[in-house]
Structures are given as C-alpha cells and as structure tokens.
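Each of the next two complexes has chain A plus one other chain: chain B in the first, chain C in the second.
Presenting the complex of A and B:
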C-alpha cells in the first residue's frame, strides 16, 4: 500500500510537469488545428540550452527557464512567420509533415552542436529528497512540479482574464466569426504559436533536471505529449492537465509494477486506445460536423 | 507572356513528358536499370540503385493508401519491418544455428510469406485504424509503427530484442554479388507500379479517389467505404512486406530500431511528394531523385547522420511549402492548363435534355412492393450537445408521392435527411424503408436498398470528371466488379443516358470542380439517379439557381415520378413546393407539426405560427412589411 501511494505521488509530480509541456501543444492545436510535432524537439532544445548554461556558468537549471522561455517565444514566433503561416487551412497531414521536418532539422542541429550522447543537468539537489512520514518527495520533481503549476496558472490567467486570452479563445472557437468582430486571426495565431512554443522553454529547463536526454529523445517526448492531449481531448487545456496527471501515474506504475522497458509503450497504447474508443478524449466536446463552420 | 509559356511547353523536352514521349522515356529508363548490373560491376552504384528501388516500392505502396485514398500514413515503414522480421525469423528458426544440419537458405522462399504476413497485419490493423480520419489517422499510423518497434525490442525471446538477428547464409554463389537482391527488388518495383496502375483504372481505384475527395458522399452513393479502405491499406502493404524480406537478406543483420524506423517512413513520404502523389510514376521518380541525392551528399560531402536529418527536414519543409503537389502533377497542370485555355470552355452552353429510358428495376419493384409506406420514421431523435435538432419526429412517405418537407431554418430538416441516409446515427427512434428497418445500416447499404440524396450545398468529387462522377455510384457491392475498368460496361452507357436526361452530356469530360453551381446540381441529380433509387431525397433543389433551371428540375422530378420514383424534397421556394408536392410535411423545433395537402398546410395556424412567430400580428399592425 505504501509503495502504491509512493508511486502515485511520483506519478502526480511528474504529471504536473507533463501538464505544462502538453499545454503548448494543445493550445496550438486548439487555435489553429496544427499538431506541432516539433514540440518534442523544442523541449530537447530548451533542455540543451539549459544544460549548456548550467555547465558553463553554474546557473541553476531551473532558473534557466528565465532564459529559455523568452528564447523559445522568439523561436516560436519566427517558426510561425517563416513556415506555419503558409500552410494554415491545408489538410492536417501537411502541418504534421512540415513540423516533422522542423523536428528533424532541430534533431540534426542539436546532434551537431552537442553530440548524440546522453546529457543531464545535475544541480546539487538532483538526487535529494524531502521526507514526509514513510514517503519521499524528490526535490527536483517537487521544484519542477511547483514551477510548472505556477507557469500553468499564469497561462490560465492570461487565457481567461486578458484581451489576448479572449481573442485566442474566440479564434479557437470560430475563426471567421472572430475576424468579423475585429480579431485578426493571423496575429492571434502568431502569438498563440509563440506562447505555445514558449512553454517548451520552462518545460525543457525542468525536463533537463528530471530526465537524461539526447537529440533523439524528442520522439519519447512527442509521444507523451500526444498521448496526453489525445487522452484529455485535443485542444482542451483542462483536458491536458487531467491527461498529464493520468499519464504520469500510468507511466510510473508501469515502470514499477511491470518493467521500465514497457513504460515507453504507455503513451502509444493510450493514443491507440483513446483515438479508437473515444476520439474526442476525456474532456473534449464532440461538436457537430455536419454544418459548415 | 502566356504565349511564351505555351511555346515553351510545346518545345521538345516538355512534349517528352507527356503521351508517347513519356512512355518511351520510362521504357528507356527501365531498360537502363535492368541492364546496369550486367554492364557494370560498380558496387557503389548497385547499392544505390538497390536502396532506390526499395524506396520506389515503398513509395508506390504509400501512394495507394495516401495518394489515391487520401489517408496519409506516416508509419508505412512498419510493413518493411514486419516483412523483414517475418523472413528473418522463419529462416533463423528453420536454417539458423539451431538446425546445423541445414546448410544455406534461399531467402526467396520466405519473401511471399513476408508479403502475406504484411497483408494480414494490414487487413487487421487497417480495419481498426481506418475508422478514424485526418489528424487521428496520421497519429495512429505513427503509434502503430512505434508500438511494433517496442514490441520487437521487448519481446526478446522471439526477436532477440535490441541485439538484432543475423540471417543465415544464402545458397547462391558469391559470384552473383548483389544480383539476386537487385533483380528481386526490380521485379517487386515493377509489380508495385503495375498494381498501382491496375488499381487506378479499376472501379476500386475510382472508389478510392471518391473517398479521398469526399468520403461521406462516397458512402451515400453506395461505395462500401470500409472494404475499399482496407483493400487499399492491404494493397499498400504487401509489396513493402515482400521488399522487407529481400532487404533483410541484403543487410544480413536487422534490429528493431533500424527496421521500424520513422525516418524511413518520412523519407518515403518525401520521395512521393517530390515525384507527385496520386500519380503512377511519381513515387518512382521521387525515389530516383531523393535516394541518389542523399547517397551522393553522404559520400561526396562526407556528411553524417545529423546533416542527413537536417537535409531531410529542410527538403520536407521546402516541398510542403513550395511544391506541395510534386513534379509530375505540376507539369501536367501546366500542359493541360495551356491546352484548355486554347480550347475554350463550354460556359453558358445550352442544356439540351432527352427523355430517360425507363430501367427495369424501378418498374418491377413498383409492381410487387410490400404494403405500407416506402419510408417511415418513428420517434427519431438527434441531439448535438444541448440542442435537440430532431426531437421525436414521426412521419411516413407513401410510395409514388412527391412529398415535401418544409420548415423554418433550424427546424431539423437536413439533420433528418442525415439520419435517413445514414450520415449520422439517431440517438433514439426507428427508421423503416421498404419494409426493412434501416437505422442500424451503414450509408452505403441504404444506398444499395434504394435511397439516393442530393446535398444542400452540392458535393461532387471535384477532381473527377462529370462522367466519372456519374459512374461512381454503386447499386450493390461485388468483389468481381472491383477489378473492372472504372468507366465501362452497362454503367458507362447508363451514365451517358442520365447525363443526356439532365442535359449535361456535353460536359461529360469536364472536371466537376470547374462546373457552375447549377450544373453541379444537375450532375449530382444524375449521380443519384445512377443508383436507380426508389426514394430520392432532394435537399433544396431550387436553392441558388435561376428560374429556368428550376422549371427544368421540376419537369425532371415529374418525369421520374411518373416512372415510379418517390421523392422527399426539402425546399424553401414555396411556389415550387405547393405546385409540385403532395403531401407536405411541416417540421418545426425538431418535430413534425403538420401533414396534409398544400391547401391544408397553408391554412394550418400551427404552421403560420412556426413560420412567422407569435409577433407576426403585432408587426402587421405596426406597418412593418
């Protein structure tokens, strides 16, 4: 019993970080119907930058997000202007292919700069834990989860309380109507994409401490993120949070009770089961598709 | 300017790319490839061509499911892995170190086995995956690939996990070097292309293109979409599986990460995009551009894996952004575009109609019909979230009538049509047609039973010709007919008659997407008539077209009705409804509130209330017209 609770605690802590990482993917999908397959590679990029800063200056990896977040925002804006902008409204496969291309370029560039070896940012606390009764809470995961939750709350406030947030939700609900009421979908899409990619900055900095990584790790990450947003309902931010917590627990439990080797299978299995059994996910609404929007 | 372009297109190099010139070019290239290993024993180029042939085979396969059918798969290399592991496991278990008595093995015994196993996998997985579309399907194909990779990695008892499998020695003399692999893959490539060519010109292929253009529409005109899609998926897998078997022996060593590799999938997609998806030779052309390019940059510039990834990624981005249709379609467009300009269009041509020959079925069945109404709906309900679009509708359409279904916007008319033709399932209630309960049947079955419908906004297969659009509907499903020529036999003849009936025969060869809206409506009517339906449901036949054409449609409805066809018509044009139809059903707020002759309906206070609202009288007093 103690072990089970411990496993769930660890799963929820990691799930909190997953929630932040998946929020960007689901936000981008919700607003522009684009699955940014490069999101995983951008996480690894942020992780490498975090690692490089920590390695060179000793800057705490978690504090590295102050650098990586704005950096990823700019990269996201640039990617939108340079590529994504031109394929909006094309069939879904087009955006998947394009962003896959971006992921391959990012993987290749990272391989050239940092080599294909495993990297890991290891600040002093990375293998320490808080203890509470019988349970332990790894410090890195606690800090990481706390930061992730903080960023998510900030994102949520932006989405619900600001003009930009309302514009984003308006475009997400109905692009042509949003245009009619004075929202420029182009600008909103650019900002959404930039914000969505910026989440990989904070997320990547946290991930750099939690998991060893190499350029090819982006496949594992994108599988997790896809599993999460498919589970929660594609395009839904609360859905991403719920999906992330569930996937975090499911992964930890598989690793503990079956074998870590099968843990990598969890996201793919989740994707297959959910898309076939309940394609709209847990919190996704099934909208009517017979009326042209 | 455009004349200069036209001259350039008529010049020699471009003429070579179409018609007999193209065939000659292809034949010369094939002979060249066939002779190369005999003329030169350069291993480097032989290896390059072997890999190119492999990608051409995979590209041709991918093209069937993703080019013809429009279901983009990013996990097509899963069948390469399945084929490779099938061959490897059979030969290792039968001829490997465990059986030292057996010396040497001819891998070509296992190549057909690899093809069959890949085909079975595709049939089973395809039947499940192809229930989804768009984003979901793309993601699922990637998931399938990774799941297979992880299963192969982790099931080490069978597959030796990440240590991989070393294949036993082959039986043939070392003197032959690469020849057996080279010619095996060359043969497989020819078979793949032949399969593509055969599919493209058969009824199966036309159904696949129809699915790509508009899947729901295809189902509503009787195309058995699930079987078509699974066949396409199997067709896209078998030769890749066979090639995987050959490839495994060529490599002599395989491991899960190398065999179930998404980068190979992406490379296949990229090759087809370069050459042109949906074409017969595009995948081959693309493979012969991409693979040599990658190999040459690899050896000449000495670039490694990282640079290769960057190159692939950049090429993928460039193609998607700048040349999304690929080389062959782009050139074809240029050529045909210029030709069509020279020929001039048929815009504004007069529509000449001919009376329609009565077909046997309609008459025969009118005589021996079961008693009761042709269509009966009992308590049908359909909700969208909180909206009850159809809220307990019960109604009947009697045989031989022209029944109207009217009601204010949002009263649930089109949703009701969707429930009847099977586009969406009802939440509750029963639908009976011709004595059979049909609400559990898929759309194409209902089309086979004799329900045909047109759409409020016309839905034709835009990239198919008018004639192909009319030939595409199917009155039943037969395995034998799948292989017949797309436009052939009695169907083709009937299609011509129907086009003459609606007055569109002069447009038979035009692309449906280039027709005017009214012409599209006529074509859609001819398309539905191809089903020889007992019930035709017209959704706003008079919407958005001119009065002459409305009269024209009215005439045709009368003529078809005299021949025994029942009609259910949704329409807002009241003079048309009141003149043409009897009885009239009125729908409001998802319920059938009134039913009767045009005169009765016009006098019914409930109908006036539904259409004009309770404040109608007030507005009249205030002088608002």
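Presenting the complex of A and C:
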C-alpha cells in the first residue's frame, strides 16, 4: 500500500511538471489552431539559458525564470511575426511542418552555442526530497508543481479577467465576429503565441534541474506534451492539467507494476487510444469542421 | 509534351552527376587517405616494397568522434612502427577511407581496399554496427580482420574464422573482474542482495546480465531485475522500487551517459545508497559525469574500461609519448583501442614472418598478444577471453584497481559512502 501511494505521489508530481509545460502548448492550439511542435525545443532553449545564468552567476534556476520568461515572451512574439503569422488559417498540418523546422533550427543553434554535451543545473535541491512519514517528495518536482499552479492561475486570470483574455477567447470562438467587435486577430494571435512561449521560460528552468539535457532532448518532451493535450482535449487548459496528471501517474505506474520497458510507450498509446475512442479528448469541445468559420 | 522532353533531357545529366559523385567521392576519400600515407620517413632501416594496410573509419557522420580517435590510434602506430624499422623490415603505408558511419559505404570501402587498392592487410572500423557488415567482406576475401571496437555478441555468432576483436572482452564479460571481486569478499563484507537495471541496448544491457549471472552463481540473491528503454530519463519509479528492496549491490548496464546519471539522481532523491554500485560506461565520462551527479557522489562507484592512461601495460608509456607529441592531448579510449588492434596485427605478422592470411589467423587463434590494453587472446569465434580493467572513482579521480599489475591505486573504496547532501 505504501508503495502504491508513493508511486501515485511520484506520478502526480511529475504530472504537475508536465502540466506546466503543456499549458503554453494548449493555449496556442486552442486559440490559433497552431500545433507548436517547437514547444519542446523552446523549453530546452530556456533550460540552456537558465543553466548559463546559473553557471555564470550562481543564480538559482527558479529565480532564473524571472529572466527567461520575459525573454521567451519576446522570442515567441518574434517567432510569430516572423514565421507563424504567414500560415495562419492554413490547415494544422502546415503549422506542424513549420514548427518542426523551427525546432530543428533551434536544436542546431543550441548545439553550436553550447555543444552537444550533457548539461545540468545542480543547485542544492536537485537531488533532494521532502519527507513526510514514509513518503518522499522530490524537491525539484515539488517546486515545479508550485510554479505550475502559479502559471496556471495566472493564465486563468488573464483569460477570464482581462480584456486581452476576453479577446483571446473571442478570436478562438469566432474570428470574423471578433473582428466586428474591434479585436485585431493578428495582434491577439501574436500575443497569445508569445504568452504560450513565455510559459516555456518557467518550464525550462524546472527542466534544467530535473534531468540533464542536451539540444536533442526536446523530442522526449514534445512527445509527452502532444500526448497530454490530445488526452486532455486540444485547447482546454483544465483538460491539459487533468491529462498531464493522468499521464504522469500512468507512466509511473506502468514503470513500477508492468515494466520500465513499457513506460516510454505510454504517451503514444494514450494518443492512439484517445483518438480512436474519444477524439475530442477528456474535456475538449466537439467541433464540426464543416461549419468552421 | 514539353515537360516530358525536359525530364528526359535532365535524366542523363542527373545520372552523370551521380556517377561522378560516386566515383569522385571514393577517389576523394582515397586521395585524402593518400595524404595520410606514411612511408619510411625518419629511419634508414625500413626499406623495400611498402606493406599496405587498409581500413575504413567513420570520419564523418554519427560516429565521427570515435572514428577520428581511432584514426589517430592507427596513425600513431604507423609512425612508431616505421621509426622502429617498419613491419618485417618494410615501411608501412596506411590507407584510410571514410565510411561516413554508413553500413553500405563501409562495405563499398572494404571491397575497394581489397580489390582495387589491393592492400596486404586490413584493420577494422569503429562500432559493431559497421564492423558487422565489414567483417563479412573480409571473411569472404579470406583476410584477417582485427577490429578495435565492436563487441556485440552478434559479431561472434556467425562462425567467422578471420575475425578478431581487439579489446579485452565482449559486453557480457565486461564486468567479470567486478563480479569476481564481489563474490570473493570475506563473510561479513560480502553483499547478500543485488539489484540489476539494464538498458535495452546491445552493449550496456549484457553487462548487467553478466554481473547477474556471476553474482547469482556466487550466492548473491537477486531482488530486482528490470530492463528499460535506453532513452529513459525518468528513473524515479525504478529507484523507488529498488529502494523498497534495499539491495546491497546495484549494477546498471547503462547505454551511455544520460541513463546512468539519471538513475543516480533518482537514487539520490529517494535517499537510497547501496554498499557497492557498478555502472557500465557512464562513469568513464569524466567531468560530464561528476558535474551531473556532484563530484562527492562519484566516490566508490565502479565501472569497467578497456584502457587507462596511467595503466602500467606494456608499451603504454611509449604510446602516450608519441600520441601526446602528435596531438597535444591524452588519447581517448577509442584511440588506444585502435592502436591495440594494430599491435595485434603486427605481432601476428612478425611471428609468422610473412603476409599469409591463414597463417596469421592460426597464430592469433593460438597465441596471446601483449598490447597497451594488457594481454589479449581469443577463442574460436574471435571473441577475446580477458576481462576489462576494473576502475573506480576515488577522491574525484578515475583509478584502475584491478588487475593489480596494472592498477593505478592500491586501495579499493568499500563500502560506497552515502550520497552527500551537496
């Protein structure tokens, strides 16, 4: 019983980190119909910058997110204006190709700047855990979950309490009507993309501490994130959170009770099963393509 | 109609380009290798027709780093041999082709070396992936094939006669010295239980399997044994399960650097430190390893290597001198393995007295060769019969501890100290 609870704890904690990383991806897809396959690479880019700051100045990676988040916001905005906006309105497959290309470019640049050696930020808590009775809670994951909560609350507030948030929701619901009420869809899209990418700043700082990484590490992350947003319902933030937690627990339980060999298959199996059984995911809305505006 | 005409016109142009690239490519590689020819330069003793040795190496592509290291190992051997009077009194000429880490090109290269360049002797390429097809080419041509890096058991299950692997052991025997040492510990020190974690990988995996077989035979109970995909990053579940069993020994057949590091970090997070810990190749990554887990945490971790710069093996000092003079840094393990492969070939050729592939093959089958990796000898499949050097991290440095005659440290850290809080 103790083991089961510990396994679930570990699964929920890593699920919380996944939720943090998936939040930006889900926001971008939900609003813009863009599947940003480069999200993983951007997370690793933020991780590299976090590491560089930590290595040069000793700045704790968690504090580093105060630097990387605005930086990634600017990069996201630039990426949108430079590349993504030209394919707005095209089918999602176009965005997959484009963002995959961006991911490869980012990987190449990171390899040039930082080399393909393994990097890890190792502040004091990188290998420690909180203890409560018989159970242990790895510190890096706990901090990741705390940040995830903060980011998700922030996103929720922006989406529901600010004009920008209402504009975002208007554009995602019906773009031409949004224009009629004075919303400029392109500006909103740019800001949405920028916010979505800004979340990788926080995600990257945790990723830098969690596991050693190199430029090619983004593939592992993006496969999980895609699984999560498919499971949760593409475009639904609460769905992404639920999906992330479920995936974290599923992976951990598979590794413990079946075999570690099957654990890496879990995200892919999830995508397949969900798309076959309930394509809109757990909390996604059913859409009819033929009446899309 | 117009379009078809254009296409038809383009076709021969394309074919001509492909043809030129294909032929030109080989010639270019041959030309580059020609630049690395080393005939008799410094001495007056080696004379006569040069002995031509051919090899293909992954100088570009996925394996370019170890491929280049292997090339350096071969080059240093050629330099040293020619300075000392050549092979059988004749100067040695080395021809190196670039197989670009590609299985098809390596076959083309070795065919070219044998049939067009008509080399006298062959040396192998880097990695089991490339040596598998290349050794088949050599076998068909009846030429001895000594390779520096390709220890997957698949290599030796084909009934080849001319194949010889110039490292101490195939992967399943890599950790023999560790297993032996554990099993022979006195009562009271000897561990009772062990956990095994193996990557699903042809090199790393069998290492853990080998340790498990020997430790079980030696009376150590297995409490956990699992295989994981080599790209696994999240070891928390595995570490948690291992910690629940409290094994004395943990042996990991790691595939590379990442998986080894991540297991240790997960063990640190769960707060479990075994009495003895062995990892396949991860601890040999020097700074990258110690940075990733914290240098205090490396203390006492065992691993196996084929070569160590300070090992007191025959010829190592001279090799190091020559290598450092040529390249201004210490040799990587792959460079040393390549040098040893050349040493093996040299020993056989000199013992036989002439270039007779069958006689060389028979001699190697029956004799032991002293190399910078230590003594090497082979069984009837071409698999070597020794064990890798057993190494351990001590005081922030990698030390060889067994076999004793080549050890760089006369202490063994046992048991492993607990993880430090950093």
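In this text, the second predicted complex is superposed on the first by the 285 of 293 C-alpha atoms of A that agree within 3 Å, B and C clash if a C-alpha of one lies under 4 Å from a C-alpha of the other, contacts with A are read in each partner's own complex, and residues count from 1 in each chain.
Keep this in mind: a residue touches a chain if its C-beta (ideal position, glycine included) is under 8 Å from a C-beta of that chain, and two chains touch if they have at least 3 such contacts.
What you see is a predicted model, and the numbers here were worked out from it, not measured in a lab.
> Sticking to the clash and touch definitions up top, decide whether chain B and chain C on chain A clash or fit.
clash
> More chain A residues touched by chain B or by chain C?
B
> Should A:261 be classified as contacting the first partner (chain B), the second (chain C), both, or neither?
both
> Is A:107 contacted by the first partner chain B, the second partner chain C, both or neither?
first
> In the overlaid three-chain picture, which partner chain does A:276 touch, first (chain B) or second (chain C), both, or neither?
first
> Just checking: does A:93 make contact with chain B only, chain C only, both, or neither of them? Give me first, second, both or neither.
A:93: touches chain B, not chain C.
> Given the touch rule stated above, what does A:70 touch, chain B (first), chain C (second), both, or neither?
neither
> After superposition on the shared chain, which partner residues are touched by A:150: those of chain B (first), chain C (second), both, or neither?
Touch partners of A:150: none, neither chain B nor chain C.
> In the superposed arrangement, which partner chain does A:230 touch: chain B (first), chain C (second), both, or neither?
First partner only, chain B.
> Name the contact category of A:251: first (chain B only), second (chain C only), both, or neither.
second
> Jot down the residues of chain A that show up as touching in both complexes, chain B in one and chain C in the other.
Residues 259, 261, 264 of chain A touch both chain B and chain C.
> Within their complex, state which residues of chain A touch chain C.
3, 6-7, 10, 14, 117-118, 120, 122, 124, 126-129, 131, 136, 138-140, 211-212, 217, 220, 251-253, 255-256, 259-261, 263-264
> In the complex, go through chain A and note every residue touching chain B.
By the definition above, chain A touches chain B via 33, 35, 83, 86-87, 90-94, 96-98, 100-109, 111-112, 116, 215, 219, 223, 226, 230, 234, 259, 261-262, 264-265, 268-269, 271-272, 275-276, 279, 285, 287-288, 290, 292.
> Which residues of chain B touch chain A in the complex?
66, 72, 74, 128-129, 131-132, 134-136, 138-140, 143-144, 146-147, 150-151, 153-154, 262-263, 266, 269, 273, 305-317, 320-321, 324, 384-385, 389, 414-415, 418, 423-424, 457
> Across the complex, what residues on chain C touch chain A?
200, 226-229, 231-234, 236-238, 240-241, 244, 257-258, 261-262, 265, 268-271, 288, 291-294, 297, 419, 421-422
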